[in-house]
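First the structure, then my questions, so here it is.
For clarity, chains are labelled A, B, C and D in written order, and residue numbers in each chain start from 1.
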Amino acid sequence: MTTTEIAPPIRPVGPLPKTREKMGRRFAYGFLILSIVPILIGYSWLVIATFSFRTEGLLPRNAEGGIGGFTLRNWDFVTDAAIWNAMLNSLLIAVAMVIGVGVASAAGGYALSRFKFAGRKAFLTGTLVLHAFKAEMLLIAIFFVLRSLGDIPIIGGFIGFNTVGGVALVMIALELPLGIWLMKGFFDNLPWDMERAALIDGASRFRVWWQIMLPQVRPGLAALSLFTFIAGWNAYLVPFTFTVGSKVANMPVFLNQLISDTAPTNWNQVAAVGMFQMVPLIIFFIFTQELLLNIYAGGSKGT
Amino acid sequence: MKRRKKRLPGLMILGIAFALVAAACAGADTVDTPPETVIVEVEVPGVTVTSIVEVEVEVPTGGELITLVARCRAKQSIEEGRCNNLLRGVVDANAALEASGDDRRVQVKIIQDNPAAGDYVTEFELSSAAGEAPDIIAAAAVNVGTWGASGIIADVTDMIGDYPEFDDIVPSLWASTELNDRRYGVPLDAEARPLYFRKDLLAELGWSQAEIDSLPARLASGEYTWEDMFDTAEEAVDAGVVDPGFGWWPRPKNGPDFLYYYYAAGGELMDPSGALIYDTAAAKIVYEIMGDAVARDILLDTRLDGDWGNWHNGVAFGNVLFWFAGSWQWAEWAEFFVADLGGEEYLFENVGFGPIPALARGTNTPITLTNPFAYMVSSATENVDLALLVISKATTTELNTEYALASGKLGILKSQADYEPYTSARFQSEMAPILEFTTFQPNSPFFSAWSDAYYLGIAAVVSGEATPEEAVDIVVDQLENELGDNVIIK
Amino acid sequence: MRVELDNLSKSWDGVVGADRITLDIADGDLVAFLGPSGCGKTTTLLMVAGIYKPTGGTISFDGRVVNEVAPKDRGIGMVFQSYALYPHMTVFGNISYPLRIQKVNKGEIRERVQRVADMMGIGDLLDRNIAQLSGGQQQRVSLGRALVKEPQLLLFDEPLSNLDARLRLSMRGEIKRLQDGLGITSIYVTHDQVEAMTMADKIAVMSKGVLQAYDVPEDLYDRPKTLFVAGFVGNPPMNFFDVEIMRTDGDFRAKSGAIDLVLPADRAEKAAAAKGKVIMGIRPEDVDLVDDSAPAGEGLTLTGEITVVEPLGREDLLGVGINGVDMHVLVDKARGVRVGDSVDFVFNTSRVQFFDPETELSFLWA
Amino acid sequence: MTPPLEKEALVRAAVGEPGSTRRTLGRRVRSTATAYGFLGPTIALVLTFFVVPGILLLILSFTDLASVNFGDPWNFVGFANFERLFTDRFFPKILRNTVFYVFTTLILFNLGLALVLALVTTNIPRRSGFFFRLVWLLPRLTPSVVYILMWKRIAQAEPFGIYNQLVPEFLGASGGNLFLGGSPWTFVILTNGFIGASFGMIIFTSALLSIPEDLLTAAKVDGASTWRIIRDIKLPLIKWPLLFIATYQTLSLLTSFEYILLLTEGGPGLFTTEVWALTAYKRAFASYAGNSQWAFGATWAIVLVTVALMFAVVYVKLFKFKELIQEPRIDNL
């Protein structure tokens, strides 16, 4: 475990030899750099591949076998309306999820954290146990549920099989256990006095939640939204299984069509579409990375 | 930190607003009441290119505009004729309706993209169960076995005769859409699964130009056998012309191909009762051949890794001497792999093809297999007649030929034999004779399980996890567990 | 508003927070709940506020039982130890929040908030964010928020314990003045007895969920009814000795291994009735060093050895060992004593207290 | 000096105070209703998409639903599916694979590497720490297909493979197809681990950063080495996040298969990398020539869900979960 022998960020009070500190730091960086090598190589290839006709290893090759063959043709798809449609669907699903998971988790997490009611313990245990039910295992059964939902008059047309609404609902539900768990952790950490003060000031419980408590868990909510957005943006299995064709295809479904069985897969084009799908996320991410670290601020106490 | 806090809600609001506007726009594209004359602009969504086909539909007063939804799985840019031809048939279909005094008019909406085969099948089953099935679906004919049995596609046997265009279809192809002597679809293409070989590598091995040029003929005559092919491959490996394991490649994962190995070994598949047969003797021959190929270093024990990317890279750039593949893949290599090397010309120069060689230990006749695509009509649709009408108008010599040439498929119409654009297509005309040796997959609801089990044996032998004898045992075990009484072990 | 607590109890799963608290708060009084942490004073306060629901007993405001009334309908204002300000609102936002909930019109809100803020001396800070305020300023905002709705009852939950000593002293006076001026009935929870003594009209001393005494400050100090009160009220705490009261020659004497004291009859008489051991208590300031200027009579002095000298500034606190019993003595400065000196003490025996060791009740006042 | 009243009070509190029970009951119902109001959306979603599907899945496992009879009413076949499952020749192998995959990935990556990364990146300057964590998060942002494509590219045979190009042959690069020629499991676990580690890393980092600086300073003043600080202070303080990740990731790994499906499809050869969840999926959804066996897939799924449930229950016990639930400190009035 030499890798953990790292110099502390604050200079130690004790007489720790400076050389040892330096060595520790070198070990730390060495380990970290080594650990990201596969990731860096993979993404280097991705970038190179999107701009070349074919690659051998990390080298772009032209027809004569020399280095070269750079091309923009892998990016032709950006002029295709289909990909923008897919991007729109991705956005719709992701935004619906952020809203749905956010609202349900914020309300549910608050109730579980701050309310006394019959069945609270069962509920709390339940949220943990729900992690055992993953989307992948329930797909076929959820199909029958969606089919029934589609039969509901009026709203059935929006939440049934083969609708963006239905897909979003399923995705929201499947992200919910984690969302509630995290949000409950954030609410657990808020001071009780603040809530009491608001009640004494005359607020109803709903108002306390909305005006006083929610603003306090905003960093947590933002972190959860970020995770949910990523999950929604990259959702594949559920959108794919519960929709017909590309009408409601999102980016991952679109991408998967490029590489299906025996297809004339142009891997470099796949790479380009994949990059295209990632770019908004990465931009989003760079701006919000600090928020992400809030994700478990509430959880360090365990509840 | 503070600035950042403010930015996030802003981003989100922007996103939500965008989404709402988009949703509003998306909701606005439905056409409800048919006006007297509508110009239906049909979007043809390709995976990379979307083309717009304009179709004019004139609906007579008191008439009815019926919209049919067609669903096609098509590879981008090369197979999109599958659905596009239906769109193009609409004009003729409406003309025919007018001519017969029918007040109905038809328009077609298409959903065309390229999911994986298994996913595509599942999608149709789920959408049928959910009442969202498209009216027309273009799918592999082998699905007739399941779908005919479950009743989600319409039995069109008695209506085929009403559409003269269908008389032009090569009669033997109809068999692929039949289940229990009833027809459940209309063939739309055919393909061959040939042996490809690298001419340049054979030359390097010392073959004369004449020997190379005569190879297709020798394959067709049965003179050059499967065993000969293995010998040549081994020679090439030993001579260093190709790397060890690059002498002969099958496809990298399960698929229709492996069935002709079984046929070639003399295996029987279908009992007159409809039960499937697993012929252990034939299967053992197949497994022995596969084991042999690995043992002789002409096939890697890791070749069946399911990775098409790796596979295409191997075969398209001349690293492999012999390989079994599909006729349509020719078009793929030309367009997507060797376009900068000269495309199809490069291929003709360096790659040859012929039927799958005769297996001397088996039937000793050359072979290939066709897994045609067919148009099927959902049993949920109320307008089977209109669907067939549109399909018939898409099954014309011009349209079908155009599609076949673009996709590297073979024609299905008798009339194509003397249709100049078709006959002058070099690849199609060179590939056509191979069809002589064609076989089909059986239309049985149990074939999928059979095929999965059978392939297990191949995978086991190639990876070295089982001897051919053990492989047969494993497969028999698996088949009995999966199919019980629905399989006969011979 | 008059507040009555009648047998008020609170428990969670068998853990008692408050046990049958009964007391009566007169209109306009400031009552302090005094006790060590965990004694149930905050629990009781939160029951009065309506945050906790009593498991037994009743709370009445002006004779009306309010057990079932939600906090927002009780007409109370509360100031918290942590201030409990809303960090995402400005000073104005915080103070105006109760009024906004009541949907008071904007002009009036502005006016009332300004008035309260001026009263609290934070009238020019209204647009500040909470994080920009000092602790004292935050406390004032918190107080302003409690006052702005013109409550009939003000609740304070250790409001000054997060402030530094100087600020605490001035806020103490300020709160008292305000409360007096406005005449709002108040309950003030604290563990600081100086605060309680200086501010409260009456003090409720609590321990382990039980109300130990409820009296005006002077009585708590001079006439403690229980051993707990005697020991808890006063700093440094009262000294206790286990003694036997004996009557010899008409004199009452308190005797133990360490002590032999003559007692005044009026005090000793009641204790003597107990027969056997009693607990005698004497405050540190009621003991003095014997010096030449104050010669004492026989039976009033004791001799002990000084173990600790703590200069407190104006006075010195001495730790004294008398035959193995420790005692605290508060003496004027400049006596020049040192650790190890043996000195004589005189007891102001007219101030001694006696308690029953069994019931812990005072023989004198209970 | 125990107040004499205390004991009595305890007894009385335990027995309960006589009071107007009817009114309290009414209030309790009302306050519970408020709580359930907040939980409304959650309950609706959980019922619709967890409870009902769970029950349906169980019912399905007793039918013979497949593509062939998909439109027909469900036909119940008793325990036939379960019998078939447990007599399957590859059942033991798939089970072994699953256990191996779940725990190897969990221990090496999702917990182990995640913890090490969190510890190391919080021990170097802040900005550097951010950078490395950001890079480690990239795989999570990447579409699964592209992510797997990258790994395949790394592993491919010459001349296309990256590993083969970068690492000279004598250092262990095989000339052939590296990832299946070597060990498919290595790649299955690597691909899953590189995704899985980042989740734990984020949560551990967040937990580590919330440890009060005073504690660490105190330990340093006491002369503790970095390693001792980690062992004696940091690890005990992030015990709960560790357990949470252990639970969450065990369940995730048990039911995940997407990357394996894309990478090896359970192959090569005889179910070499096939895991339980993948079998369940393949049976129900991925059939090349049609005829999906929905009911049999559901049977595999329901058995897996049962196992996952058992894990969840064990973890709940391990968590001493009930002790962790803090009592709300506001009563509803």
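Simple rule for what comes next: a contact is a pair of C-beta atoms (placed from the backbone, for glycine too) under 8 Å apart; a residue touches a chain by one contact, two chains touch by 3 or more.
It should be emphasised that the depicted structure is a prediction, and the values quoted were computed from it without experimental measurement.
Colleague: Which pairing of chains accounts for the highest number of C-beta contacts?
Modeller: Counting C-beta pairs in contact per chain pair, the top pair is A-D.
Colleague: On a CA-centroid basis, which chain has its centre farthest from chain A's?
Modeller: Farthest by centroid: C.
Colleague: Quick check: how many Å separate the C-alpha centres of chain A and chain D?
Modeller: So the centre of chain A lies 15 Å away from the centre of chain D.
Colleague: With chain centres taken as the means of their Cα atoms, state the distance from chain B to chain D in Å.
Modeller: The separation of the two C-alpha centroids amounts to 38 Å.
Colleague: Need the CA-centroid distance for the pair chain A / chain C, whole Å please.
Modeller: Here chain A and chain C have centroids separated by 55 Å.
Colleague: Which integer distance in Å separates the CA centroid of chain A from that of chain B?
Modeller: Whole-Å distance between the two chain centres: 36.
Colleague: At which residue positions does chain C touch at least two other chains?
Modeller: Residues 50-51, 70-71 of chain C each touch two or more of the other chains.
Colleague: At least two other chains touched by the same residue of chain B: list those residues.
Modeller: Only 116-119, 122, 129, 255, 309 qualify.
Colleague: Of all residues in chain A, which are in touch with two or more distinct other chains?
Modeller: 196, 199, 241, 256, 259, 261, 267, 290
Colleague: How is the touch graph of the chains shaped: line, ring, star, complete or other?
Modeller: Drawn as a graph, the chains match no named shape, so other.
Colleague: For this entry, which pairs of chains touch?
Modeller: A-B, A-C, A-D, B-D, C-D
Colleague: Given the complex with chain B, which residues does chain A contribute to the contact?
Modeller: 53-54, 62-63, 69, 76-77, 80-82, 85, 88, 91-92, 95-96, 98-99, 143, 146-147, 150, 160-162, 218-219, 222, 225, 240-242, 244-247, 249, 254, 256-267, 269, 284, 287-288, 290-291
Colleague: In the complex formed with chain A, which residues of chain D make contact?
Modeller: Residue positions touching the partner: 28, 31-32, 34-42, 45-46, 48-50, 52-54, 56-57, 60, 113, 116-117, 119-121, 123-126, 128, 130, 132-147, 149-151, 153-154, 159-162, 164-166, 190, 194, 202-203, 205-207, 209-211, 213, 216-217, 220-221, 223, 225-227, 229-230, 237-241, 243-244, 247-248, 251-252, 255-258, 277, 280-281, 284-285, 288, 294, 297-298, 301, 304-305, 308-309, 311-313, 315-316, 319, 321-322, 324-332.
Colleague: If you look only at chain C, which of its residues touch chain A in the complex?
Modeller: Touching chain A from chain C are residues 46, 49-51, 70-72, 74, 76-78, 80-82, 84-88, 97-98, 101-102, 145, 149, 155, 157.
Colleague: Which residues, counting only chain A, touch chain D once they are in their complex?
Modeller: Touch residues, chain A against chain D: 1, 3-10, 12-14, 16, 24-25, 28-29, 31-32, 35-36, 38-43, 45-46, 49, 55-59, 100, 103-105, 107-108, 110-121, 123-126, 128-134, 136-142, 144-145, 149, 169-170, 172-174, 176, 178, 180, 188, 192, 195-196, 199, 205-206, 209, 230, 234, 236-237, 241, 251-252, 255-256, 259, 261, 267, 270-271, 274-275, 277-278, 281-282, 285-286, 289-290, 292-297, 299-303.
Colleague: Which residues of chain C touch chain D in the complex?
Modeller: For this pair, the touching residues of chain C are 9, 11-12, 14-16, 19-20, 50-53, 55-57, 68-71, 207-210, 212, 227-228, 359-360.
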